[in-house]
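Each structure below appears as structure tokens.
Two complexes are shown next, each including chain A; its partner changes from chain B in the first to chain C in the second.
On to the complex of A and B.
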């Protein structure tokens, strides 16, 4: 490896060093603020290192990584999301029992796994990244022990373990058939003729990805896990964890052209439509905000898959924009929950949100904006995301998927509005008691996310130009 | 620039009103009222006429998202301007109507109200389809809040239903907009959301038909046309008075405007194909709305159902797609905005005083509130189409014009007029005459209410007695072949007989007539392959 190679993977190196440094320093200083600041610094430095890395790009670093506009864009997005989660966690964790230093260390390691996925072009790094991410999540979900958290963590552990074994077996089958684990070579060799083993391998990889993405019909774990996990970890799960898998799956399919193989286009169409309907219809019946958001994120994977299936440049740009918009909205929504949750219990039941708009107008306003963005209303990022996704679908004549998207967007309005109505309805008697003050770091994060949400919804040009470059990689 | 300000001023005014709400509840009202007055004056300056040779009185283009061919393109012709003026005017009426009714969170209320008005204004002035869609949706969220926060008992259900119905329609329109965008892009290589570019996009009839249906869905829900009307009675009756005024007076008009501005010009052949079906829906709506109005016991609900009936006339007028009927539809839109808005204000005033909208518990208010009774009688008469008031001109022209296109539809539509006479007079009879309930006696309308109602009455009288100038300025289709204001008046006088005489002089009947170059100029542009 040359110096340029090291510079190209600088974000990964920075996070690795940050994780080690945080582990070492945690032995000496266990203060909460110190450890949170350390993690935040790690993410900021990693973000800063994108600048030199982008000078070295595009570059293939060993057979495992490809640092290009695509990987750099998504690395930045994932790091930004992780930073926001760190800030939100700080206020949420403050004053809780037990050592908090490890929370941030694990958060750094999980993010490391995510950004490894963003630049992987090889099965080995794909699997490694996914496992680093997954193992961190087991810890994060159950970090603050409790019956719900334990159940959630064990559920995630078992199902993610099953998914990983599917993934490994699928990769092995593809390797048996094609004799390579590099995405680019898979593309070349798969074209020559696909045997049954390749089909089986691809099918197993699809199942594993479906689990990780919480796409229907592999979404069953999502609501329980999102509900049981601490709210900032919910944000991490819904954004970084899901996003990183979406990023590598998109790259995998764009590079290998696996959609074109046999029935996979139909299979993914079915998964997309099933995710949309399952997510949105089940969300209608939820009484918990976190479960609602979990089902909503299932539906959002369905929308993103429309962009995947459209493929090509417009599809990639749309998927990227949608992911960015979705990141901002879902982290913001979970962030609002995190900011409102007290030390003893999470604010979770929708009825508990009654009257918040009059007690906490700014926070409720930000939460409302996030929900409207998830619903896809104009002037928020979510609208343009949906517009680009629908546009990519229409451009490829995927009318069936576009109509499904339209119908589902209309259904989804109901459950987002239900939360908004709760926020704006009169409070119950005792709920009018004064609420504790809001943590500063989290408020700043939520405020920034809200501004970003509106900016992306009104002026998409800067992000679009970045995405155009990213899409040009393929 | 005036057009940009016309949209921005209500928004800024709303923000200012919201912030000023901390100082006291009276501030937001004055701030909103003055912002809208400023807006109205600004728009009135456009009446002077635009640059020579342009079909627009004013036009502005600003770059927005060049990558996908979306821009900020605002323009106003007579049609847009008439509706924009109505928007500012009814906005002021809505502020006045909420003056004493909204006591809590006045700042936020006015923010919502002004955002709705900005959205409506933007929708009337946008010529970029994406921008139009943004404004189209912008009115939705604040309207939802107005109903959900300040409404009556059933407000959550009503607000949700309103939002989901309109949103479902809008999303179908969005899909159609995208479809049109790609059809145009692949045909011409130029991807654009601009109205001027998309006009005359060459496409097969089947494609055109499906794309048209998406637009029709959005507009028919908003209008509302049967069977997409179920959100309306609830939303109108649960909303606070100011919200009802804006809903009935303005939001419904955006649907009609969209049909005139976008649906017909963009999809002329498909619209002509579906016109007979829409005629039937319109006539069913006219009669259904009127009949259901007769059965209501809630005053606001009753007025809401009359809206369905009146908007049926507008729909019939538009889908006749004929000079007289179109102009009639436009007049009717303006007059319906004023008369129904006024009736909602009166209903709100009654509710404020008696704390009920149950007609059964009202009666004999004339003796204690003669001014209110007089005003109610005036607007009820306007609503039933009394000659001399604007609604009559509108409905008459619609019937006259649509008779040439679809005689049966016009005949059945005319039946609706009878029912409207019954329900209008019934309101007066039940509420203001008859035996008074024991706790009889309500305070009469005060100066603010009187001024609001008087200005609305003035609009109706002006359009009823002297509509010529209105047609001169706003007549749809200012092309030479279209009747001018004075011609419309003359035509209204000579009546159907004269028309039929001309009809026999050998012009092909029906919608096919656009091909003969008689339609509004978008059509002609298409013919010339613009």
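On to the complex of A and C.
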């Protein structure tokens, strides 16, 4: 590896060093603020290192990584999301039982796994990144031990194990057939007449990806795990963990052109439609806010897959924009829950949110904005995301998928509005218990996310120009 | 200045955001300074842009500042762009200057109100939205302003939200205008679908070249017209305006008199190409304008509430503008918009000064003899009433109204002209009725408070504008954007002109006869049987509320009750039931048991494998 190679993978190196440094330092200083600040600094430095890395791009670093506009964009997005989660966690964790230093170390390591995925072009780094991310999540989900958290973590552990075995087996089958694990070579060799083993391998990889994305019918774990995990970890699961997998899957398909294969297209169409309907219909009568958000994230994966299936430059841009908009909204929504959660219990039942608009007008306003964006109301980022995805779908004549998207957007408004109505309704009798004071770091994060939400919804041009560059890689 | 056009709407918007964020934590003086100051700066920016525009006019007659592209899907694009031409410059200047004066006045008028800073936040937001509406070069961006002013109108009518009636009035305004807005949106979609863009210049050029004499032009014009009717409170969507007077008086002055209600006039002038392609829609515009003029003028004549009387007067004056638009006198309509903005803002503000000095009294029957006790209010109200009546030569209203009547005779025929003449007569009559009832005769309620300096200055400034603005050469300035009326004046138009100049004097004289001194004739008329019925009929705005209640509200409720379980509901109820049923089925899969979840994954894997390997 040359110097330029090292510069190109600087964000990965920075996070690795940050993780090691945090581990060493945590032995001496266990203060909460110190460790949280360390993690935040790590993410900021990694973000800053994108600048030199982009000078070195585009560049293939060993056979495992490709640093290009695509990977740099999504690395930045994942790091930004991790930074927001750190800030939200700080207020949420403060005052909780147990050592808090390790929480941030694991968060850094999980994010490291995610950004490894963002620039992977090889099955080996794909698998490694995914496992680094997954193992961190088992810890994070059960970090504040309790019956719910433990159950969630064990469920995730078992099912993720199943998914990983599918993944490895699928990769092995592809390797058997083609003799390579590099995406670019798979593309070349797959064209020359592929056997059933290749297809079986691809199907198994699809199962694993579907699990990590929480796409139907592999979504059933999502509500239980999101509900049991601490709210900031829910935000991490819904954004960084899911997004990183979406990024590598999209790259895989764009690079290998697998969507052009008929059966493959059919399978993914089925997954997209099933995710949209399952997510939205399951969310309709939910009483728990976190479970509602979990089902909502299942549906959103369905929408994003429409952009994947459209492919090409409009599809890639739409998928990237949608991911960014979805990140902002879902982290913001979980962030609002995190900010409202006391030390003993989280605010989770929708009825507990009644009257919030009168007690905490700004917070309720931010939460409403997030929900409206998830529903796709104009002037929010979510609206433009849906518009671009639908536009990409129309451009490729995917009418079936576009109609499913529109119908599901209509269904989804019902359960987002249910939460919003609760926010603005008068509280029941004595339900107006004094709320915990708002932590500063989390409030700043949520405020920034809200501004970003409106900014992206009104002035998308800067983000789109970045995405155009990212899409030009393929 | 061309590059800083965006500052004009951005300044009030910034003020509004600042006030919303700081809220009650700042003293009232600072709130007023932020609220008024940002609008004042915006007015200066308009002035600078205007000087720039007139000293070096762009060759095409307009200047566009593209701000950003919002959406570009290839086959459709929309963005934010501002357009400066004679029309938008005139509108922006009137909006910012009137708004600034009204905000200065409000600083005193709203003193002691618990929502002081909220008031300025809403008012600034309104000004920003109105400026977006008049400066937008893109119909979607324009629509953002259009919705923004509607929202602010709703918020400000219901400003004193603790009174249930105010909330009702706010909802009525919102829902009535919504009927028009919906049509307007459909119109915008029609234009977007036809031309693939919402850029106003491109749409108008496309319409002019492709829609010659076609039905689509008429459809688009009708839909735009429906939006304009709702916003501008013209028949048949006029009934919300009198109730809108529930808001604070400066709100009535700015939103429900000077600026927002004229948005309909602006949008028709802006899309005049569409209307010119559909002559019968133009006739409809003129007819509706004339009808509103007559309906409202007679209603204004019998109101007891000072503000309601002014509200009906606003409907009538906007009716004059619609009449002008309908007969193709585009310039006259905008000219009248300007003079009306000045004199109607003035009338409302001096009415507000009267109302507040009497401790919140609105009823003219309990006023009287205030001439010597409130001299400032008297003289300024007199200036406004004179301009409203269009007393010849000395008032601004005369010049614009005369231009409209001239155009109506030339382009619309005797019938429309006659309606205009009758309207002008009654206008003068009720204008001076208000003057005599409030300021002459026996003394009514006691004066509790006198007008201070902050309220006095805007009154004087607006009085000067109401009397002198007629000398601004606005019609010729607008020629670059709005075509001059083509119709040749008919024979005898000189006599008609003299008559139309004399009519306001006749009206004022009649008011003198009827309302100055003993009001024997009026009382006898109102006391007689048929007279009382007529009085009630006119007083309720020709019974439109009564009619709509029976024509729309009750049948709708009846149909809704009767049709609760009919065939039309079945698909909707079916969709709901289907969703519930599916939810019930799917919820069963969420058993919470890991083995079931793993089984689900295995099933999915089998399906995927099967599909991949065997298809």
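What we mean here is this: the second predicted complex is superposed on the first by the 472 of 474 C-alpha atoms of A that agree within 3 Å, B and C clash if a C-alpha of one lies under 4 Å from a C-alpha of the other, contacts with A are read in each partner's own complex, and residues count from 1 in each chain.
The working rule: a contact is a pair of C-beta atoms (placed from the backbone, for glycine too) under 8 Å apart; a residue touches a chain by one contact, two chains touch by 3 or more.
Small disclaimer: the values here were computed from a predicted structure and weren't measured.
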item: Chain B or chain C, by number of chain A residues touched; value: C
item: Chain B versus chain C as contact partner of A:4, first or second or both or neither; value: neither
item: Touching partner for A:199 - first (chain B), second (chain C), both, neither; value: second
item: Which superposed partner A:158 touches (first chain B, second chain C, both, neither); value: second
item: Touched partner set for A:391, first chain B, second chain C, both or neither; value: both
item: Which of chain B and chain C A:460 touches, first, second, both or neither; value: both
item: Partner chain(s) touched by A:377 [first = chain B, second = chain C, both, neither]; value: first
item: Contacts of A:211 with chain B and chain C, given as first, second, both or neither; value: second
item: First (chain B), second (chain C), both or neither touched by A:284; value: second
item: Footprint overlap on chain A, where chain B in one structure and chain C in the other make contact; value: 387, 391, 395, 459-461
item: Complex contact set, residues of chain A against chain B; value: 358, 372, 377-379, 383, 387, 390-391, 394-395, 402-403, 406-407, 409-410, 413-414, 417-418, 421, 424-425, 459-461, 464-465, 468
item: Touching residues (chain side chain B, partner chain A) in the complex; value: 65-68, 105, 130, 133-134, 137-138, 140-141, 144-145, 148-149, 156, 159-160, 163-164, 167-168, 171-172, 174-175, 178-179, 181-182
item: Interfacial residue positions of chain A with respect to chain C in the complex; value: 154-155, 158-159, 162-163, 166, 196, 199-200, 202-204, 206-207, 210-211, 217-218, 220-221, 223-224, 262-264, 266-267, 270, 277-278, 281-282, 284-285, 384, 387-388, 391, 395, 411, 458-461
item: Touching residues on chain C, where the partner in the complex is chain A; value: 68-71, 73-74, 579-580, 582-583, 586-587, 589-590, 592, 594, 596-598, 600-601, 603-605, 607-609, 611-613, 615
